[in-house]
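Look at the two complexes coming up: subunit A is in both, with subunit B in one and subunit C in the other.
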Partner chain A sequence: MFNLRAEIENREWVPWRSFRIATWLGWQIESNWTDPFLFAVYSIVKPLASALILVVMYGVITNGDFTSPLFPYIYLGNAFYMYVGAVMTGVSWSVIDDREHYKTLKYIYTAPVDYMAYLIGRGVARVLTGSFSVLITIGCGVAFLRVPIHVAAIDVPLFGVTLVIGILLLALLGVLLAGLTLVLAHHAGYLGESVAGALYLFSGAIFPLDILPAWLQPIGFLMPITYWLELLRRALIGSVAEAFPTLAGFSNAHLLLILLALTLVFGVVSVLVFRLCDQRARALGLIDQVTNH
Partner chain B sequence: MPILPPLEKDTGWRLFLRTVIGRAYPRVVGMQRERSWLFFEVMLPTLAVAAYVFVYRAMRAPEEYVGFVVVGGAMTAFWLNVLWAMSSQLYWEKEQGNLALYIIAPNSLMAILLGMAVGGLYATTLRAAGVILLGSWLFQVQYAVTSLPALLAVFALAMTALYGMGMMLSSVFLLLSREAWHLSNLAQEPIYLLSGFYFPIKHFNFWIAASASIIPLTLGLDAMRQLVFPSGATLGFLSVPVEIVILSILCVVFLVAAQGLLGYMERLAIREGRLTESRR
Partner chain C sequence: MTHSLAIETQDLGRAYKIREAKKKEAKTLVALRDVSLQVPRGELFGLLGPNGAGKTTLIKILTTLLAPTAGWARVAGFDVARAPNQVRPRINMVSGGESSGYGLLTVRENLWMFAQFYGIPTKPANARIDELLATLKMSDRANTKSSDLSTGLRQKTNIARGFLTDPQVLFLDEPTLGLDVGASRDVRAFVRGWINADRARTLLLTTHYMVEADELCDHVAIINQGRVLACDAPANLKQRLQREAIFHLEVSPLKDSVLPMLQALPGVCQVTHHPADDRAALDFILADESVLGAVINTLTQADIRLLRLDKRAPTLEDVFVNLVGRSIEEVERADPSPA
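On to the complex of A and B.
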């Protein structure tokens, strides 16, 4: 039960308190708009439909040959990519939600809240709902489409470490987009989805990067999500990664190192951009602007 | 003090027409004033189209499937417009505080919805045309139009039925209040799947394809594919004339249903007086 008086008298470290309460708030916003049954249907149908589009496309072209390594490559890449939409887009969307829908952003700014910690906290609920979608999608893939994941063969430590780094990376990218959303006059509502759409193309999520024209491939190699998805696939089904030459020359340790380095770079850039945009939004009085997205 | 002549007010069909033009105006003129849509609504959807094109190429699919993706990807703009700028529009208007003004104004709500549809259709046609032009150029899509009049008829009927459906759903979504946002969100990927935006629906079971045909874009897209791609006719779900007849029926059904539901919603607004309340 939420206790307002206890929260007011709380002497917790501000970023932690902001994060904790935003996590609770985010979960309420994500889940309390309907009854649990409809919420469950909503959480299952949308991700499954998105996966089934690719499954049908694949089935039509290959006449239902789901044994090729390309199928699990596409299926798993698409499943884990749901985190990008959920976390990165979700964090940046919080700005629009608070500013223009609930019209509470100005109060959050005037309260003793660490806004960046608050945004990351709002992302936690998205991680939970996103994880549910990913689990359902992969579960259906294993059960009905013979995606060859065997529990005993999963590299659990690699999977766990990669997943955590990736989610942190996505939250930081979300913070970057949230900063830009604060200062954009037009199309801020499209920003998260647009960037997610672009990354879908360049990160090898649903096709190996070799398929891209040679001049576009370097963009994919600069994106940390490319390495994140590759590591997740390797952790779950090593044989999938071996079937495609794109990153075959790199060991898991190499890929993890690249992912860590790129996460660090993107993380620092995200925090700096957010701080800059935050200051500019305060200076120009944009905190409570309404863009009528 | 000069006495001003009494203001001449439009009534009847003149008022209806002025309302349609007035509501369409911001959607048409807005695009001319804010050119950044060219990037956000043409370039970025093309990236999503490109992702599906490369998936097909990774699968070594026949080249006409690339064309299916380009046309289907462009048509998603219409579905998104109907969902977010038609079906959810009265809900947005309520959130912004305009709905009460719409209801008390002397004009017809049907004219307001029609204006939104006309403006939205114009703006979205430009966006979709942009995606088709850019996608066709990037991926060298080959078209072979077999009958231009049939193609234009299919497009016009599909759009009339689709925007009629949007007008009908706007009343339904308004009554659903804050669940409207989530329902619009939910109605994206499942419709892309069932309506065959990226593959011919002929590959579905007959009854699934027939059920999906309630969405006008399903048959619209199927007929357009048959009319513009060399191998389209072999991949069609039904013949083009049959699809034209069904689309014509859908036009009438959705427009009549839109008027009926709008009337119900207006009566509810008067009786219960809670349509303009904002529950977040």
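On to the complex of A and C.
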């Protein structure tokens, strides 16, 4: 007879198992598009509308100069920045979702689950839906706004490697926010949006870092997202992206190395902060605290 | 690894620092103090006490959700604070009175997912799910979305989730809270059957229903204000009151001045008052039967009519009243905040 208890106690690969099932759960939640209209609003209309606002603002400020390299710089930066909100906030939001909405956090936490792997798994579905929004936004930019992306000129390996490293980085930053969410019973819901909003300013998403006051620029240079966005632009539109002085002195290989190093640093910090917050939340009795906010 | 004790605690304590708005100094709330318990394997152990007594705090510590601030606790032989990852595969828990679960998943999907978290392969997991749903009379709801279930059925799904992994130690926190009479009876029968089927299983049940504790538990710890006041088999606890005489009286509504007079009578150990619209119920624990005459005299002199009088065997409720000085209802009325 199959022995359930022995099976549970002797099973290995807990992180992989946690990640796999959380990915499945995340997809069930994210793909619960019972209303196609809502799906269209969230995945197509919302990102396109935010891109359009930026385009209109750009058009007004530059008197409609859409041939300037600044336009694809802004457009692509904004498009890829959608991943920041989707992945980073997606990972940390799972804590609030499970704790407040589904009230399952205590059951998952007390199961033989690697909670960090679980959270990252919950973010995978957000990567997929986020990718859809990014793709739609860039596709519309190429088709209707003459964003100069030529398929034959795309540096596919650079794009692929950069995208993967960036998503991993964002997932790890999401883990950091998830840790903070565990100890912030109140107002934790605003945390992801606030951080994503702050990083929007300092990561060169919609303007080169040179535009920032000199004393604020170091913050941008310390943010791995700055290098990630720059590499994505270079992989897609090559020399156009290199037209700006901020990072023009760095080769692609240099930027990739910096991105990798910062990802490693931020990754280690994220894991440490998460573990500390996890211990703190357990000490304070916050793991399953429902605020009903 | 097997251990003769499924649960062991020593001087276990938990205090919370509470900082009130606009006050600089934090207040310390002691939810649990000096709790030392030993629960052998194979036992159905009950924690009995009013809301706010510390039952849920104790369960949270034992299930690794909360760190203790004093003492230590071991579950299935592992320290809950130092080795939570060793404890978790060996336990499971169910909290009553809540609607947890992913509403967009079906009952089967919810249960399958938790089985996966515990590493149970799909085939045996599905067989176990079918078995549990049949036992809980929910087979026809296996493919219903959880959001479409009534509160009672969601609670039953939660109970199925707890039993799904056949844990060494299962924690049930008020499992019948919010269930109707029939469903509560089903759950109690299922719980008793589960523990009887395999003596390697241990179950810790918290409840504030005396009858539930009396009916189900091999041993009961009575807990109030974070302290364990007594711990023994229900029969032994009740045995402590065998020398006393226990009477249940129904009388016309009491005047406020009468209760202190009754409490002051020599030989009246405890009296609890349950007022109703047109009558009042009084439960007496008397040193011996001869005290009853003085009780009835006092009532008669106060123009209180005696409507009914029963002598009865002691219950766990009487044990609680004897230990705490008030009934569970009275304690909960005085401090309605749950812990």
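Just so we're on the same page, the second predicted complex is superposed on the first by the 271 of 293 C-alpha atoms of A that agree within 3 Å, B and C clash if a C-alpha of one lies under 4 Å from a C-alpha of the other, contacts with A are read in each partner's own complex, and residues count from 1 in each chain.
The rule is simple: a contact is a pair of C-beta atoms (placed from the backbone, for glycine too) under 8 Å apart; a residue touches a chain by one contact, two chains touch by 3 or more.
Note that the structure is predicted; figures quoted are calculated from it, not measured.
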item	value
Contacts of A:Ile96 with subunit B and subunit C, given as first, second, both or neither	neither
Which superposed partner A:Leu25 touches (first subunit B, second subunit C, both, neither)	second
Subunit B versus subunit C as contact partner of A:Leu170, first or second or both or neither	neither
Touching partner for A:Ala79 - first (subunit B), second (subunit C), both, neither	neither
Subunit B versus subunit C as contact partner of A:Ile61, first or second or both or neither	first
Which superposed partner A:Ala283 touches (first subunit B, second subunit C, both, neither)	second
Touched partner set for A:Tyr109, first subunit B, second subunit C, both or neither	second
Contacts of A:Tyr42 with subunit B and subunit C, given as first, second, both or neither	first
Subunit A positions touched by subunit B in one structure and by subunit C in the second	102
Touching residues (chain side subunit C, partner subunit A) in the complex	16, 60, 63-67, 85, 88-93, 95, 98-105, 109, 113-114, 116-121, 124, 128, 161, 165-168
Subunit C-facing residues of subunit A, complex	2, 4-5, 7-9, 11, 14, 17-18, 20-21, 24-25, 28-29, 32, 102-104, 106-113, 279, 282-283, 285, 287-288
Of subunit B, residues touching subunit A in the complex	34, 36-37, 40-41, 44-45, 47-48, 50-52, 54-61, 65, 95-96, 178-179, 182, 185-186, 188-190, 192-193, 197-200, 203, 280
Touching residues on subunit A, where the partner in the complex is subunit B	33-34, 38, 42, 45-47, 49-50, 52-54, 56-62, 70, 74, 101-102, 186-187, 190, 194, 197-198, 200-201, 205-208, 211-212, 292
